[in-house]
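Heads up, the next two complexes both have chain A, just with different partners, chain B and then chain C.
Up next, the complex of A and B:
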């Protein structure tokens, strides 16, 4: 009996004082295993993603969309599923897409996107300059965003490759009014400027942001400045599911789900250990008295 | 002449006029004013781009002092300066191919991704250790956290869809209220600060010390 008690005590104590590397190990295995041996788990599409999908689905041929990569490369890893699924939808609707970059690290992202969506671009006969264009790093600060909103050609005269944008579909774009939609993929670098100089004037904006930004972006959604908000990788996966184009989001969702469940289990175990150990201590104190 | 432009009053007047030139066209549509405002913003954007050169200059100046005095961490400064020079040189060979492209995709991309994704280990470990139901408030926080965490895992909604409205209620009310409060505070703060600047009560913005301004 005494031995059993000692054993119980040690379990509670272990649950309180376990080595944090055990958590690291579990997280590592739970993230890696589903990626190495993919399997399919059902998912539910959230109402926010549905709204986002409907906005993109409402685009018509030859609408002009400004895509802004307002993210570092690290952020891209989280929202790449949303980026790929959204731009794929734009290409499928044959809209004209101009890509702008708001962080030096994001200058490499457009090419990655074009490479991964080459199939759909070929299918819909996308021609550089006529249907899509990469403007490069044109949004380094608030002043540049403001400038493009008031007179686009005053500050943007070349694309990312140093070629003149004259003669492209951007000839018809002069101010904030000329964009059908702005689609921002953000970790929060210039998103505030885009809201101030485009959103508040009336250009429709949709946003795909990283997880930690969701709560701060909600007010812009409820006030109507954002037409829709796609929430981090989870939203991207749901969009992939809606568009029947499995990609990095759905692949990562298994790890995402298991990681969340693991965290919940760890918290519960931690609490069991905490209360068990505390009652054990008070019992011990009583016995000593 | 230089003393004229150095005068606080003159600088403040220019600032107020610039502010009005950009601010007023948002509310009153006067074509001439809009054109002037656009020109002014374009000038500001170009001048801002040149500040990059200034940043580069000050980084090199500071880095050089660090290296010369062999201050703690001088090697990182040297590494940074060499990297800047190398990337500038690499960019001359084109950004779509060649060494610049290689550094971007083979070094910066994976390092940046690792730097971000490694946070998951710390967040999970901290979450597991810090969330203790020590009192009623902590218990409420824990329950709310569980609901949101369960909702965030897409599998939960597939088998237990009732969780969605509950989680959305939390994010749409409590979280949204806090976020709005935060944004409103920041905005009001920015307006107050802007007014103080325009009234000349923040002279440091113009490069004056408080003593010089008074």
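Up next, the complex of A and C:
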């Protein structure tokens, strides 16, 4: 009889001591399945994304925007929806875009973006040097960020392909004052330096950061240094939704939602197992006494 | 799609799945292969890109007549003295200058962005605005006070101070929960982003699934044959 009881209760023990690799396997399947067979779940736009959208929507033709890829390649995977949707908006508003890179791994990203947005660029007659430019890796440390804020041409003389930047739209850019907006896509490498040397002086900054950075970036939004903050891939999906241009963000949201359901279920099961097993043990101890 | 794109996707998917074998819980040669490949690639890329940066900003700058930049190049060369133990002390000079400059740059600005502006942003009108704004502002203001009282280490926490600290402690638990959820969202986004890169467009899916099956089968077979740890190179 007692043995039977123990057998029955052992479900709690199983919930406490199960192999964690089962969770990894479930996450793999839950993420992969919706990507292979997409379906549609509802999405809501958060106020933060709306503010970000409004800042980009307020750009006027020939405004000069500095886009900074402050990310490793792994981070790009997470924020590519925000990057594509934001830069697409910039091209649609026909602003002049200079792309700077702050990590060696991000040096390949500008070309990926140009390739994916070729249609919009052709539609708005974007010409290299006149309307957009790829400056490459110019922000390896805070000293370089500080220098460009004071005298841009003192350290930036060539673009990413080794061509002189003389004669491009950057002739009119000399200090931090000459940028209409700085749009940073970050995993947190040089974002602090950009805040310190551009944001503090008054250049408007908007940021799209990876999920683990949101809580550390929020204070800069509250203090007004950031004009807007786009949160991770979710923010990117919301921006895609607002601009009616479905892309990687919206298609990833199903996997995202299922992953979160999985976590909630795991937390509930884990707690049931923990409390069930604890009460089982105390009951057992009482019986033994 | 051309052969180069296919090989990039094939090798990328295989090495990435090899990286995920760390979740199996045992050291294995496939993970070591992916790890070493990444370190090698990362180091090579960093060296090339940084040399290009030195050329574009330093060498071209000197050629353009900015002679002050030559001091930077000299200091950079002095760092290389670390390679020779006898003259390694020379490297201390540029390192000291770099630390000093970095410290100066950060200190001058961080005091505003990281400290004063943050305090200023918690000072706002508590009696004007709509109900939701008021709720948010009161929550922030009270949470800051309660949490700060939790960190009074030199006073015995009793009476109202004890309650304030207790409320601050619970407010922190709520914040930790929020941060944990946000961290999970962040990690999941990275993973979803990776998976998406190998499932869109759909011609990439067979390479991802093929890599998954091959790597998973290899790890299980090696584990059964007790070869996993034997074949893993030592660190």
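Throughout what follows, the second predicted complex is superposed on the first by the 281 of 289 C-alpha atoms of A that agree within 3 Å, B and C clash if a C-alpha of one lies under 4 Å from a C-alpha of the other, contacts with A are read in each partner's own complex, and residues count from 1 in each chain.
By our rule, a residue touches a chain if its C-beta (ideal position, glycine included) is under 8 Å from a C-beta of that chain, and two chains touch if they have at least 3 such contacts.
Note that the coordinates shown come from a computational prediction; the quantities given were computed from them, not determined experimentally.
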- prompt: Touch check for A:213: first (chain B), second (chain C), both, or neither?
  reply: second
- prompt: Should A:234 be classified as contacting the first partner (chain B), the second (chain C), both, or neither?
  reply: both
- prompt: Can A:195 be said to touch chain B (first), chain C (second), both, or neither?
  reply: second
Message: Tell me the contact category for A:259 with respect to chain B and chain C: first, second, both or neither.
response: both
- request: For A:158, select first, second, both or neither according to whether it touches chain B, chain C, the two together, or no partner.
  value: second
- request: Examine A:27 and indicate which partner it touches, taking first as chain B and second as chain C; both and neither are also allowed.
  value: both
Field: Partner chain in contact with A:225 - chain B first, chain C second, else both or neither
entry: second
Query: Counting only touches as set out at the top, which of chain B and chain C does A:105 meet: first, second, both, neither?
result: both
Message: By the touch definition at the top of the document, which applies to A:271: first (chain B), second (chain C), both, or neither?
response: first
Query: Residue overlap on chain A between the chain B contact set and the chain C contact set?
result: 20, 24, 27, 31, 74-75, 77-78, 105, 107, 140-141, 143-144, 146, 154-155, 214-215, 219, 222, 234, 256, 259-260, 263
Statement: Within the complex, chain B is touched by chain A residues 20, 23-24, 27-28, 31, 41-44, 46-47, 72-75, 77-78, 105, 107-108, 111, 140-141, 143-144, 146-147, 150-151, 154-155, 160-161, 214-219, 222, 234, 237-238, 253, 256-257, 259-264, 266-267, 269-271, 274-275
Query: Taking the complex as given, what residues does chain A use to touch chain C?
result: 20-21, 24, 27, 31-32, 35-36, 74-80, 104-105, 107, 136-138, 140-144, 146, 154-158, 162, 192-193, 195-197, 199-200, 210-215, 219-220, 222-225, 232-234, 248, 251-252, 255-256, 259-260, 263
Statement: In the complex, the residues of chain C that touch chain A are 23-25, 42, 45-46, 48-50, 52-53, 56-57, 60-61, 64, 66, 101-102, 105-106, 109-110, 112-113, 117-118, 120-122, 178-179, 182-197, 199-200, 202, 205
Statement: In the complex, the residues of chain B that touch chain A are 22, 34, 37-39, 41-42, 44-49, 52, 95-96, 101, 104-105, 108-109, 112-113, 115-117, 120-121, 124-125, 127-129, 131-133, 142, 145-146, 149-150, 152-159, 161, 164, 168, 171-172, 175-176, 178-180, 182-183
